[in-house]
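Below is one structure. I have some questions about it.
Chain IDs A, B, C, D, E and F follow the sequence of writing; residue 1 opens each chain.
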Amino acid sequence: MELVPGNTLITATPQEGRELAIAMARKSVGAIQTDADTRKKLRPDYANNADSLTHAAQVVAIEFQTIAAANDYWRDQA
Amino acid sequence: MELVPGNTLITATPQEGRELAIAMARKSVGAIQTDADTRKKLRPDYANNADSLTHAAQVVAIEFQTIAAANDYWRDQA
Amino acid sequence: MELVPGNTLITATPQEGRELAIAMARKSVGAIQTDADTRKKLRPDYANNADSLTHAAQVVAIEFQTIAAANDYWRDQA
Amino acid sequence: MELVPGNTLITATPQEGRELAIAMARKSVGAIQTDADTRKKLRPDYANNADSLTHAAQVVAIEFQTIAAANDYWRDQA
Amino acid sequence: MELVPGNTLITATPQEGRELAIAMARKSVGAIQTDADTRKKLRPDYANNADSLTHAAQVVAIEFQTIAAANDYWRDQA
Amino acid sequence: MELVPGNTLITATPQEGRELAIAMARKSVGAIQTDADTRKKLRPDYANNADSLTHAAQVVAIEFQTIAAANDYWRDQA
């Protein structure tokens, strides 16, 4: 199972880094609950719950810390 | 969908960095729950709940860690 | 709305850095729930709840990580 | 009990680093709840709960921060 | 109110750093809930709850990250 | 009370670093709830609860971040 799309943490822009953070968080969940039907069934549980969305946003923020550091915060591009 | 306003982590001041942290956290939630009406309906659930607000503040703090590091903590400006 | 008092992460001492961490966490909450009356009404919910206080302390700890790094841990002063 | 498979944080790729993060998180749980039958019984509790999966993904994200730093973010390989 | 005992993050040993982490976490709570009687009343709520203790241990771990970095991980002493 | 076994964060291997992370998290709990009987009584509460185990694994992951950095990720040994 692919856990890191492209198998690299290097991205061209912060926007792409952010997309990678979201994708990596989703793939983690997919690695723990491998049944796609179950994941689909669970989706409304958190997509319609404010606290669950905050928690999901937190995981994205943590993944993004790693990706941003890997890309030296895209400083050269600024 | 735009996930990083301006597509850069570099800001002029800590204040602007903080605003970016809040914006990025909000856009994460928007990327997970794409329906604006649902997000609006969920807003009172956390805006009127002390623990939810603490959790939201935590996500902002994590995003800000990344942004502050990207800007070398705005030390030159101090 | 002012999110970083003084618009700098640099403080003279760890004590002042800690005070800034608490202030920044509070201002985050103020930026999310902008109604002061609502915030006042919610205060007893967490100030009288052990788990809520632990969570609030966690947010302060995360903010302080950033501020301490910005000040190079106040090593020169030690 | 083996807590770090291979007893090293160094991996060839981000994908392998991610697999290590998942393995290390699982081994932590195994070190705390050493009874394999109990762990198996508890599995549906979190694998079928959206919030539990988000939390598990968060632990993976934290472990991965460490592993990614250890590997200098696999920058040489990019 | 004193938030950082000694107003420094520098300690002689990891043990003292750990004691400082616990003290700083406690002082955070004291800054948020300033009434000592209320804090005393709340103590059994978390001291007798496994999840609350885990959460308190998490805050200590986060504070300790900052203190350990400030002391360059006490490497010279090793 | 001993909070850091050996009073050092330096370990020979990642495996030993991981064991130290678990030990330090446990000693934190012991410092907060000093009564051993109470701790023993609380143990089944989290050891038989999937979410509690995930949370405990998270604390270990955070402690390990510090220990791994202290040991420069055991890179020399790799």
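One rule holds for everything that comes next: a residue touches a chain if its C-beta (ideal position, glycine included) is under 8 Å from a C-beta of that chain, and two chains touch if they have at least 3 such contacts.
The model shown is predicted, which means the values in this text are computed figures rather than measured ones.
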Item to check | Remotest chain, chain C as reference, centres from CA atoms | outcome: D
Item to check | CA centroid of chain C to CA centroid of chain E, Å | outcome: 15
Item to check | Chain centre separation in whole Å, for chain D relative to chain B (CA means) | outcome: 27
Next on the checklist: Could you pull out the residues of chain B that touch at least 2 other chains?
Outcome noted: 49, 51, 55-56, 58, 62, 65, 69
Item to check | Order around the closed ring of chains, commencing at chain C, then chain E | outcome: C, E, F, D, A, B
Checklist entry - Inside the complex, what are the residues of chain D that reach chain F? => result 2-4, 7-10, 24-25, 28-29, 31-33, 38, 42-43, 45-46, 49, 51-52, 55-56, 58-59, 62-63, 65-66, 69-70
Checklist entry - Which residues of chain D touch chain A in the complex? => result 13-15, 17-19, 22, 47-51, 53-58, 60-62, 64-65, 68-69, 73-75, 77-78
